[in-house]
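Sharing a structure with you now.
Letters A, B, C and D name the chains as they come in the text, with residue numbers starting at 1 for each one.
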Amino acid sequence: MDKIDVAVLGATGAVGQRFVQLLENHPWFRVSEVIGSSRSAGQTYSDAVNWVLDGGPPEAVSALQVKALDDELSSPLVFSALPKEAADPREFELAAAGHVVCTNASANRMVEDVPLLLPEANADHVGLIDVQRARRGWTTGALVANSNCTSMPVVMAMAPLRRFGIRKIHMVSEQAISGAGYPGVASLDILDNVIPYVSGDEGKMETEPRKMLGALKNEAIEWLDVVAGATCTRVPVIDGHLVNISVELAEQPSLDEIIAAWESFVGPDPVPQLPSAPAQPVYYLPQIDRPQIRRDRNAGQGMSTSIGRLRECPILGYKFAALSHNTIRGAAGCSILNAELLAVKGYLGSFEPAYSSVAVL
Amino acid sequence: MDKIDVAVLGATGAVGQRFVQLLENHPWFRVSEVIGSSRSAGQTYSDAVNWVLDGGPPEAVSALQVKALDDELSSPLVFSALPKEAADPREFELAAAGHVVCTNASANRMVEDVPLLLPEANADHVGLIDVQRARRGWTTGALVANSNCTSMPVVMAMAPLRRFGIRKIHMVSEQAISGAGYPGVASLDILDNVIPYVSGDEGKMETEPRKMLGALKNEAIEWLDVVAGATCTRVPVIDGHLVNISVELAEQPSLDEIIAAWESFVGPDPVPQLPSAPAQPVYYLPQIDRPQIRRDRNAGQGMSTSIGRLRECPILGYKFAALSHNTIRGAAGCSILNAELLAVKGYLGSFEPAYSSVAVL
Amino acid sequence: MDKIDVAVLGATGAVGQRFVQLLENHPWFRVSEVIGSSRSAGQTYSDAVNWVLDGGPPEAVSALQVKALDDELSSPLVFSALPKEAADPREFELAAAGHVVCTNASANRMVEDVPLLLPEANADHVGLIDVQRARRGWTTGALVANSNCTSMPVVMAMAPLRRFGIRKIHMVSEQAISGAGYPGVASLDILDNVIPYVSGDEGKMETEPRKMLGALKNEAIEWLDVVAGATCTRVPVIDGHLVNISVELAEQPSLDEIIAAWESFVGPDPVPQLPSAPAQPVYYLPQIDRPQIRRDRNAGQGMSTSIGRLRECPILGYKFAALSHNTIRGAAGCSILNAELLAVKGYLGSFEPAYSSVAVL
Amino acid sequence: MDKIDVAVLGATGAVGQRFVQLLENHPWFRVSEVIGSSRSAGQTYSDAVNWVLDGGPPEAVSALQVKALDDELSSPLVFSALPKEAADPREFELAAAGHVVCTNASANRMVEDVPLLLPEANADHVGLIDVQRARRGWTTGALVANSNCTSMPVVMAMAPLRRFGIRKIHMVSEQAISGAGYPGVASLDILDNVIPYVSGDEGKMETEPRKMLGALKNEAIEWLDVVAGATCTRVPVIDGHLVNISVELAEQPSLDEIIAAWESFVGPDPVPQLPSAPAQPVYYLPQIDRPQIRRDRNAGQGMSTSIGRLRECPILGYKFAALSHNTIRGAAGCSILNAELLAVKGYLGSFEPAYSSVAVL
């Protein structure tokens, strides 16, 4: 099978590097264009990038010449790791020009006709692309977003609990430094320290999950009607966001029923068969001191969410801790899974993924 | 003035070392006896101790010979940094033998006639000593405890809010490794990691504050009637426990009224005049990213509580973060302040502290 | 092909866990017996182990029942992660009983007829097994050791330089906490700290490389005649030992000649074809700030040594930094590679590895 | 006594903050002017500064209005924490304008008539100021520098050993992140990591100590004739630089003689009587695992150097570890001590410090 060419916007930044790393050896996608700042444009990727992940960049991408943000792109599929300000107009321009854009940027997440996808939780929201195309007069282009990296484990933990009626969610996060990009958090600010505030994240955690857990009705997302309150803190760990969650449910399931809901959760077809989908999206860890950020962030190659410590909360009814890898499942990895879903659903034009194991609707 | 001799139980452990360090140059107290394990007994303190604080032990104490736990003690005042199991019978034995014991151990905190003191918050609970002595037939002995190191900042933050009617307290802590003593947390368990569980602490946080914020009535403490729920996590910082608190109040004070309540809080006379009392027990930090564990744990020589991020909570009404130094104000420093209060209140026998600046009741 | 059964001594410790982890899916070896302390014996491995690596133990091994150290073993091949004291007599007993023992313990490394193997550097030392067997009257048993985890990168860096005549080696290490096992280094001792001493390691670094870089002559190892001096320090990183090396050579090669010696180094046949052998044993990193412990420790799946910063030393002539993963290539991974070499060389009895790509001598 | 007014250049940076912190309550000096970037100029210090040390800035300085770098200054004494580029011309301009400038910047350290002062080691180098003034036609102005923060512990350790004839010094440093200023080292670059390179520091360590340990002869510093080689690495600690030093001496003193040389070292009069001089400039720690960065960096309020692990080096004869606080004794604290020496020596014009306890030469 021929792979489809993809472009990575903001390819030299921390999340951009994660896109490049995760796309090495991808069965369907091949990085053909890397887009950086005007300062990087014209250099080879290996010269332009200050690689902050382990090891070094993949050889195939190293040799690519970095393009500027306003250069024309030839790849039908575009992944965006742009900072918010740059993302805002450019992503819509590219979608209007016929590209399918899967973005990690926050700029357009709350736009009404932009799906905020976490495939296991809301694969049906891809239907919003039809609305988007019709409304905007696009035929091949589309813009799809993934959520904030701290909202992500919350949505993954909550999706299987929708059946019990979610009323209130109280969240306190402990977030890794990689969530702030590079150079991001100064080491003098975080070594032997905790910062009780992460700029912008609390608001996102109080809104994004409501959209993501909502339902596509009448060509729009009807937000889930819950009260959500978040506190975000930064801790001295490299990768992995842990969220301490208390939740009030309409029904009163037993703890075992909740655990069963998580462990049996796989998301709707064809999500479990997508190349980047983890074998098990949610693991419940029975040990009393898990999930731990360093030890559990790489579960399912960083694509699974680890949950533990489910117990009664004297105030809201239930509480537990949920953990996800913030730059894999919480960012680049989620966008890639989103693109895989779009491919199977036929939103990538004539591209037909080598994918026969499941009946596509 | 002559100083009063004090003994330190568990003097070679991490909290015991903090007692020894804080008592160097104390105006009223002089460390005359150090008590260690049977393995340490007979050695000089400097030989027996593996000093884990900065620098080394004070010279005067270094030369003392370590006594065994069942050796007879001559000091009228005893500070206990014993582990729970050792503390249980021995502290009562010493009190029965006429010593005033100020303990950091958790063993006897919930015993009905043992005051759980945080002087600014509940100095009047010392009255329970009269009950204790009468009930047990003691004349000079007494047993007084300080709270768990994570309960401590909660009580300090809540005491000034009692006037608004406290109904519910939701707590998520981020705790330093020194809270687990030495050797305590293995470095392989905590470097680049967060552990979402601290053995025993959640239960303490859900009960101790209720006793401490309660009222002494009819020779007993009437616990404060609140619903308290706690999650305790361990983070890779040396010292300092941060607690993310959401609270429901009966009244609806403005944020400014709450800040004013904290900033004007000094505790009842004679607490503010005690040698170890901080100039200001509670600091409200207006910066959006404070309190930070490393930067604020030493406020008031580690005796003040730093609070920040007061804002509305969509679920319980108010939320904020509170931070205290866990081995100073949350442990040894609090016991020393407790002893100072006892001294001024006349519970240390004929010892009269050099203390004239305040009218003692 | 049928796999050969292997036993892991000290399987519940930190290095034992690494053996179990690395042997999952090994093409030739299958973990069939796990041996622990008397306290663990009789439990399943998953119950007995406090898994300190990421994730959890492999399922197949989890179900094995832990054996006691003096239980009889049925596996022909034994990996030892025993502490020094336990290793001393037991490893020889097992070898005498016919087992091939590949050990990470330091106890018997300096025994004259025990090869201290790092295959790329001294594969020919396996010939010492013939001497060992003849001298001790063994037919199928053998005892083979790998080096100390900090000696290891030094030997890997020096082996390609033997051609230039090595005269003096000055070493200053910065070592990860995992080198001390579990619980090992207390977090209070290492967070925000450097400890300028690692018990026992300096002596090993000054002797082991001399044996390893020596020559097998007349049925004995003739040590390399160099002066070696080491300083070992502990730093707050999880895995990876970095050694700052200054070296005096008899010849005066150019820096480029030294780099070429490293980059072309693969070790003698059949080493490069062994399943655990890295594609390139030594990588020279041209960036001025590499190798970095976190970013380079996993090079070659943790089996490669990364070298950087080669430059002139005003005192000894040349200096550079070398880095290896201490619990993979510096411990369990090396023992496994050693066993693979023994298998191909015919020291594992009738076991014939699926291995045809190279002419075995 | 009246205090003398001082200005701090670069007052909002990390080292500038340390100047402001250390000068609070100084007996002779009072911060009257704070100079920042053009962006900060005009704001109050508390508004302009992002205080990165613990707690917050002193109240008296908080209210000062920040001046721009080219504003005229009225303070006779100026401390400079400027970055190298800004320091180069401005420090000479200020000295030419009559100010005594004590700088931490590296820009002018190697200028022939600028003393590079570490008072205990080379107080007599202040005589170079007379040369400087004569040569440049200055009457009241002067420019005096302190050394690089990693050179500093080397010079302090070596000064007492000059009597034995220093021939070669081999140095490997482990340096704190605060040495890079703020924001300085990105947390993604240093958490769970060691960087084997610190830009610029190796060259400084190979030259500055030779000037500092040299002799003032014929109106110039005659550098010490030693061969010095340095490797600098960055480790994840907040403050404190540790240097692993091997040294070759002309004589062969016993280890005890070397220790005695360190412990008896106080520097020439009047240095020991200066307000910021530590009671003991060099402490030799007999424990095998000291000095440790976190536990010993604050010895002597951060003004003492801690040495340990003296032993034979198979290559150069002797080796040991030396540690100093890099932003106190290695930067701001040293400049302040330098200024105190200048004051007593009469280089601060008519200012007469309250200082009678020693006969000034």
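In this section, contacts are C-beta pairs under 8 Å (C-beta built on N, C-alpha and C of every residue); 3 or more make two chains touch, one makes a residue touch a chain.
Computed from a predicted structure; not experimentally measured.
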| item | value |
| --- | --- |
| Chains in simultaneous contact with chain A and chain B | C, D |
| Of C-D and B-D, pair with higher C-beta contact tally | C-D |
| Label of the chain whose CA centroid is most distant from the centroid of chain B | C |
| Length of the line joining the C-alpha centres of chain A and chain D, rounded to whole Å | 49 |
| Whole-Å separation of chain centres (CA-atom averages), chain B against chain D | 40 |
| Euclidean distance of C-alpha centroids - chain C vs chain D, Å | 44 |
| Residues within chain C bordering two or more other chains | 191-192, 236-238, 294-295 |
| Contact set on chain B toward chain A in their complex | 168, 170, 172, 174, 191-197, 206, 227-229, 231, 233, 235-238, 242, 244, 246, 288-295, 308-309, 313-316, 319, 321 |
| Chain D-facing residues of chain A, complex | 14, 52, 177-178, 182-192, 236-238 |
| Chain D to chain B touching residues, read off their complex | 53-55, 191-192, 238, 294-296, 298-299 |
